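Structures incoming, each one as structure tokens.
In the two assemblies presented below, subunit A is common to both, partnered first by subunit B and then by subunit C.
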Partner chain A sequence: MERHDQSQGPKIHRPEMSPTWWLKKRSYFLFMMRELSSVFVAAFALLLLYELFLLSKGPEVYGLFQESLRRPGFILFYVVAFVFSVYHTVTWFQAAAKIQVVKLGSWTMPGWMMTAGALVAWAILSGAIAGYFLAA
Partner chain B sequence: MTDNTITLSVARYRPEQDSEPHFQDYEIPYREDWVVLDALNYIKDYVDDSVTYRWSCRMGVCGSCGTMVNGEPKLTCATFLREYYPNPVRVEPLNNFGVVRDLVVDLDDFMAKLTAVKPYIVRDDEKPVEEGEYRQTPEELAEYKQFSLCINCMLCYSACPVYGLEGGFIGPAALALAHRYNLDSRDKGNDERAHVIASSEGIWECTFVGECSVVCPKNVDPAAAIQRTKVATTQSWFKSILMPWAGR
Partner chain C sequence: MNYKKDTTEPFWWGMFSAGGVVAALFIPIHIFIDGLAVPLGLMDGRQVGFERMHALVAHPALKVYLFVLIVMPLYHAAHRIRFSLYELGMREFRISMGVLCYGGALAATAGATYVLMKVL
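Up next, the complex of A and B:
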């Protein structure tokens, strides 16, 4: 849908953006996926909180819920949520490097170095936590 | 001049006769050292003098020749035909702006927003000229230099979907320039700009798509400027709550 400014002065053509604008460029699509990833991160967090709440209801109730998490629907959700969580984290660290300027004396740390450092720290911490639970 | 040719598909809109834009194809000589602006000038000089577009310096400084070239916001003076040859080149007016005629877009909205952020040094008091200039250290210059390179070409507005969807958004270049002056050690206009840049149509409208920084021909980073302004504004707000006696 398009509109024209018919008021006094030259007739100005004003094109309107299509609702599918975010499908027309890869970077816009990736931006929308970054925004969408928040939904999956939030859903995963809510599910985790609910699981913790069920712990207070005793081992039987908690066990039944854990059993239900093995259904294909939940497994699919966890796979998708994991992919979006990784994407969310990577893009968050990339964004943080643009926002936060780190200065050491007169030297300014390049953004890529901040992102790389955060990603390495994230990988080490994730590995340590995963190792702790797998070893338990 | 070679015998090779290239087709320029130019968006035409003549308000006195067109209800909406359409494309007109021009087959013109191809030269490897021509930029898109050279091709438009050739059309204007030898093929169709009714084609209307803006240009001035032809060296990436004036910022007046921004158009969409094959769907991407570009300066026509810095975009070579050889990047597209032998395929046709589609030239359209910048996205997200009203079209006055052919490739000429309406600047009024941008100019109003640019003016609103006071993109110049604001002082509480001016010292007499005989006392000399306001001096800066290289470190103070480095704080804002990147953001001072903006040429107001509006490519960033054209790439910004927030500006396209929410016309009230002050937009990348104006906010980057506000940030530039807020960082300038000689400037005292932070408070005067705050009510504009921290308004509902200012920095908080930005969702950090980041395309403004990608398309900038001068490597200014408006997306970073806006996010850093968000941080500075938030810090200032917390400070005013926790330490109201300290001022901004």
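Up next, the complex of A and C:
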């Protein structure tokens, strides 16, 4: 279906791209993996919401589902989702350093320093959250 | 030539951006606690067991935290999925991709509100 034919004014150039263009170059592939990370992040968010919903169904239902989360299939999901989510974190702060340039007087903070700072903050925050949940 | 201006785009981009920050800072450790800490033997499961979680979600502050943790990354993902589908060569369906993706995030927001406010 051509939405823009010549009779209705200038034709819009639509480059033809194969559905596998992102496999042709390493940087394209990494770009697509970064995009794909959001799918795993969203899947985990929905899983967490479902777990919270099951809290309302009482200890047995909740407990049974928690047990099923310890099966290999779910553990595999968690491992893959964890790797993708960390990839999101790293690439997000790399991009943020390019977008938000910090200048102090005449000195411009290098991008890597911004990224490193954000990653340190992330590590501290993660440690605090882990401490909160693990200390039961 | 008239281009149709998408006036809602800045709002969705803002949600994508804010959601990206929440996802970057909070999601990895929660995936770890929820699914990996027990198999790795770092905790015995009581920490995310019924008694503990039920007591925790009774606290309004934790509800707000969980709401942000769940909802914001969904707006982030909706935006990325929308544009990735275009990049993979997909064109608009009868229902626009934006409506499908952001609508999904809105529906999940309603679901999270319902679970956190009404059910728990």
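FYI, the second predicted complex is superposed on the first by the 116 of 136 C-alpha atoms of A that agree within 3 Å, B and C clash if a C-alpha of one lies under 4 Å from a C-alpha of the other, contacts with A are read in each partner's own complex, and residues count from 1 in each chain.
Everything that follows uses one rule, which is that a residue touches a chain if its C-beta (ideal position, glycine included) is under 8 Å from a C-beta of that chain, and two chains touch if they have at least 3 such contacts.
Note that the structure is a prediction, hence the values are computed from the model and not measured.
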{"item": "First (subunit B), second (subunit C), both or neither touched by A:Ala45", "value": "second"}
{"item": "Touching partner for A:Glu35 - first (subunit B), second (subunit C), both, neither", "value": "both"}
{"item": "Which superposed partner A:Met17 touches (first subunit B, second subunit C, both, neither)", "value": "both"}
{"item": "Touched partner set for A:Ser27, first subunit B, second subunit C, both or neither", "value": "first"}
{"item": "Which superposed partner A:Val79 touches (first subunit B, second subunit C, both, neither)", "value": "second"}
{"item": "Touched partner set for A:Leu69, first subunit B, second subunit C, both or neither", "value": "second"}
{"item": "First, second, both or neither for A:Val101, with subunit B first and subunit C second", "value": "first"}
{"item": "Greater subunit A contact set [subunit C / subunit B]", "value": "C"}
{"item": "Overlapping contact positions on subunit A, where the subunit C interface meets the subunit B interface", "value": "10, 17, 22, 35"}
{"item": "Residues of subunit A that touch subunit B when the two form their complex", "value": "2, 4-5, 10-15, 17, 21-22, 24-25, 27-28, 31, 35, 95, 98-101, 106"}
{"item": "List of subunit A residues in touch with subunit C within their complex", "value": "1, 9-10, 17-19, 22, 32, 35-36, 38-39, 41-42, 44-49, 51-53, 55-56, 58-59, 62-63, 66, 69-70, 74-75, 77-79, 81-82, 85-86, 88-89, 92-93, 121-122, 125-126, 129-130, 133-134, 136"}
{"item": "Subunit A partner contacts - residues on subunit B that touch it in the complex", "value": "13, 15-16, 19-21, 71, 95-96, 98-101, 106, 139, 161, 164-165, 207-211, 214, 221, 223-224, 227-228, 230-231"}
{"item": "Residues on subunit C engaged by subunit A in the complex (per definition of touch)", "value": "1, 20-21, 23-39, 42-43, 45-54, 57, 66, 69-71, 73-74, 76-78, 80-81, 83-84, 87-89, 91, 108, 111-112, 115-116, 119-120"}
